[in-house]
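A single structure is presented below for examination.
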Amino acid sequence: MPADNPPTGLSRELIALRVARELEPGSVVNLGIGLPTLVAGFVEPADHILFQAENGILGYSGVSESDFDADLINAGGQPVALVAGASFFDTADSFAMIRGGHIDAAVLGGLQVSARGDLANWYVPSRGGGSVGGAMDLAVGARKLIVAMAHVTRDGEPRIVEVCDYPLTARRCVDVVITDLAVIDVSPSGLTLRETAPGVSVNDVVAWTGAELDTSGPVCEMPL
Amino acid sequence: MPADNPPTGLSRELIALRVARELEPGSVVNLGIGLPTLVAGFVEPADHILFQAENGILGYSGVSESDFDADLINAGGQPVALVAGASFFDTADSFAMIRGGHIDAAVLGGLQVSARGDLANWYVPSRGGGSVGGAMDLAVGARKLIVAMAHVTRDGEPRIVEVCDYPLTARRCVDVVITDLAVIDVSPSGLTLRETAPGVSVNDVVAWTGAELDTSGPVCEMPL
Amino acid sequence: MIAEYFDTPDDAIADIADGATILVGGFVSAGTPSNLIRAVRRSGRRNLTAVANNIGLGDLLDELCEDRQLAKVIATFAIRASGTRSSRFEAQYRAGEVELELVPQGTLIERLRAGGAGLGGVLTRTGLGTMMAEGKQTMELDGEEWLLERPLRGDVALLKAWRADRLGNLQYRLAGRNFNPVMATAAELVIAEVEEIVEPGEIPPDQVGTPGIYVDRLVQCEPIPVRWEG
Amino acid sequence: MIAEYFDTPDDAIADIADGATILVGGFVSAGTPSNLIRAVRRSGRRNLTAVANNIGLGDLLDELCEDRQLAKVIATFAIRASGTRSSRFEAQYRAGEVELELVPQGTLIERLRAGGAGLGGVLTRTGLGTMMAEGKQTMELDGEEWLLERPLRGDVALLKAWRADRLGNLQYRLAGRNFNPVMATAAELVIAEVEEIVEPGEIPPDQVGTPGIYVDRLVQCEPIPVRWEG
């Protein structure tokens, strides 16, 4: 039985840092709105990671609130700066890039992830309506999909579940889930615990995860 | 019965001139390879007709052999000059323009036109293989399709026929046929003779046309 | 073919009809025809369908809800996931006073592109197995499943560009392109607001983002600033 | 992500395999990777499928027929309507030594775009009721008939641009774009020949025609002139 409250895990910033470490040098990465946006602040410049914004930018270097230009924003509406060698394009070309498999990795927020890698991240049933943005295209198009989210809801319900009960973003699309408590790999055979956050035990993660989790392999503490 | 040889009609240049007169001032026009290309030389600059080349130019003013730039050619491979306000785009955008109905008129050469407006212009059965280029897209996409061609083949066979026996470019696509002998309108109800070339009689045109031709309306001599 | 100038955005949109479908370019603050949207608000036109990336993110489109001018919205961002801030659109949506068709962004742009490019539809994997596929045709081809998405067009498109010339050629700046170039191809009447109008030839031919043949009307305005409200 | 430089076009294409499908950018003389085509000829690779706008119009692609390197050609211009001039391709085609798939130009580019953009196909009216529709699926939607065209991709794309930077960003000049930007999206390996290589940032971000992430290899060459033989 889980304790009443999950253990204290990583801050949002540390989740973003851990996601940044997951990105391959030289890769092309799209960051979703919210927590994923923070990732841009944690990559090493020497790694030459190129960020794509689905509103039509390849090669923004990060959020730059000081100097707002209405025409130079990322997909979260935040002002950004450019790297040398950046390019602009329209939405059709941007989603050709995304849907066509030309983005190495996407980092999306999540509401629920299922044992087989289904993602739900765009529709809160209690609120309805929803905002989907580019999430469904990124989920089917990105070569690697990293979901960055809190391990449980504010009400203490696991977000990693056997089957999503929230409406899906896409089926079998998630490769890795990075939460405040753990790094979990998703494969056709299910979920595998790879890392735990500092101060968090394997048993903690199992207790707050709503799906079967393979903990038999080597599990290490997150390198931060 | 037709005479052994058709009457002498317009030269290729005069056909091109007559086609030029058919174009609306301010319209956007695509000229096919061969005879249609000559049309660019006969439009009035004051009419501000804008020529589109399907290889990615809007606003070329005509062929300019004197100054060959390999990257500045029309769809017939001929070097062209630009008007002020021209633009370049790629083939995808060019055919979005063509197929999407944004070209006011296309002028294509023809091998055969049928009574219901089918066009055959890309495949000579005796030669096989064929070259289609943008003709099929222009035929379905241009708001008005003008076919410019000789009225009969070198062997004296009518090119305007009840049913095309050459492979089609598109069905029911032709609006006007302009030949060395006549201007013929095509509508769902069939072919209507509108004009004859100087020195060519209505009976001549009927004799050398292989489909029923309505000559009951006013028929005038081509204004050249 | 030569674009018509208007002195005010109100004149430029004056003959939009009640019940029209309006494509609205822009992505939050970038490339957004804010003066034209305000003019539609002032026009009092009703029963409109708006097709836009976003509504209710601090954008001016949300103002069209003040007097219930919108009957339907086709968008990718419409209701915030968090309930900490609410838009007029959201309130009307909850009251059942406005219809929402939510569309994935890559599908929205392909539907508009198909509408402008004379295509009858495209096959995408986006949305398969989700609510977005409900009521839509799917096809299996060579063992893969695809969702058929149909074209989308508007009666009017409202665009924003940086500069225009007298022929209607538009030049965008930075990330101001987004939906504008495709929407320019997919409406019966295309109206663009620009910051500057120049002579033909001043926009280099390879920097024309929307060829002038797509643009019917031009109006020169100072953009009205918009910011995303998080 | 950083494009790899090669000293010669021969080095850049050295590992193309026999039997590969090669997308070849360009439209007759404009934006044609003439040095890369010549290098393929020198490589002696055989059983190739070439996808290109044209063959046998004076272009260098026709030279690949000299030693029968092509098994198949997918093109829009292939056999001249008049028999006054003949190409090597035409001779081989008549001898049944090379296969030809003729595709309407607007359909060829949409098939390539679908291949690069992750779309399963598009619906077009182009080709309906013609030989081009033979063996293809048609659909009736809302009373209109459409032809389903499937995606097309290559193992390799050979492109030509004016300038490139170290990241592989390509800038085209004049009408040199044509098939190049779409072909850049639709092959496993993308090789571009350019006239000049510059530092990142020297190509303004809104004048990048092909973002560098699409380009794997670069080689700097003086273009070999080509003219249409009428």
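Per-chain residue numbering starts at 1, and chain names A, B, C and D are given in the order in which the chains are listed.
By definition in this document, contacts are C-beta pairs under 8 Å (C-beta built on N, C-alpha and C of every residue); 3 or more make two chains touch, one makes a residue touch a chain.
Here the structure is a predicted model, which is why all the values come from computation and not from measurement.
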* **Co-neighbours of chain C and chain A - touch as defined** => D
* Asked: Where the centres are mean C-alpha positions, what is the separation of chain B from chain C, in Å?
  -> 37
* Asked: Distance from the CA centroid of chain A to that of chain B, rounded to the nearest Å?
  -> 56
* Structure fact -> chain C to chain D, mean C-alpha position gap in Å, rounds to 33
* So which bits of chain D are touching at least two other chains? -> 110, 113, 118-119, 124-125, 172-174, 205-206
* Structure fact -> Among all residues of chain A, those touching at least two other chains are 88-89, 95, 98-99, 140-141
* Which of line, ring, star, complete or other matches the graph of chains that touch? -> other
* Pairwise chain contacts, counting only pairs that touch as defined -> A-C, A-D, B-C, B-D, C-D
* Asked: Touching chain A in the complex: which residues of chain C?
  -> 27-32, 53, 57-58, 76-81, 83, 90, 93-94, 100, 102-107, 109-110, 113, 124-132, 162, 172-182, 209, 223, 225-228, 230
* Structure fact -> Residue set of chain C touching chain B in the complex reads 1-2, 113, 116-119, 165-167, 169, 185, 199-201, 203, 205-206, 208, 211-214
* Structure fact -> The answer for chain A against chain C in the complex is residues 53-57, 68-73, 75-78, 88-92, 95, 98-99, 111, 122-124, 127-137, 140-141, 167-171
* **Contact set on chain A toward chain D in their complex** => 26-28, 48, 50, 58-59, 82-89, 95-102, 140-141
* Which part of chain D faces chain C closely enough to touch in the complex? -> 110, 114, 118-125, 139, 141, 144, 146, 150, 172-174, 205-207
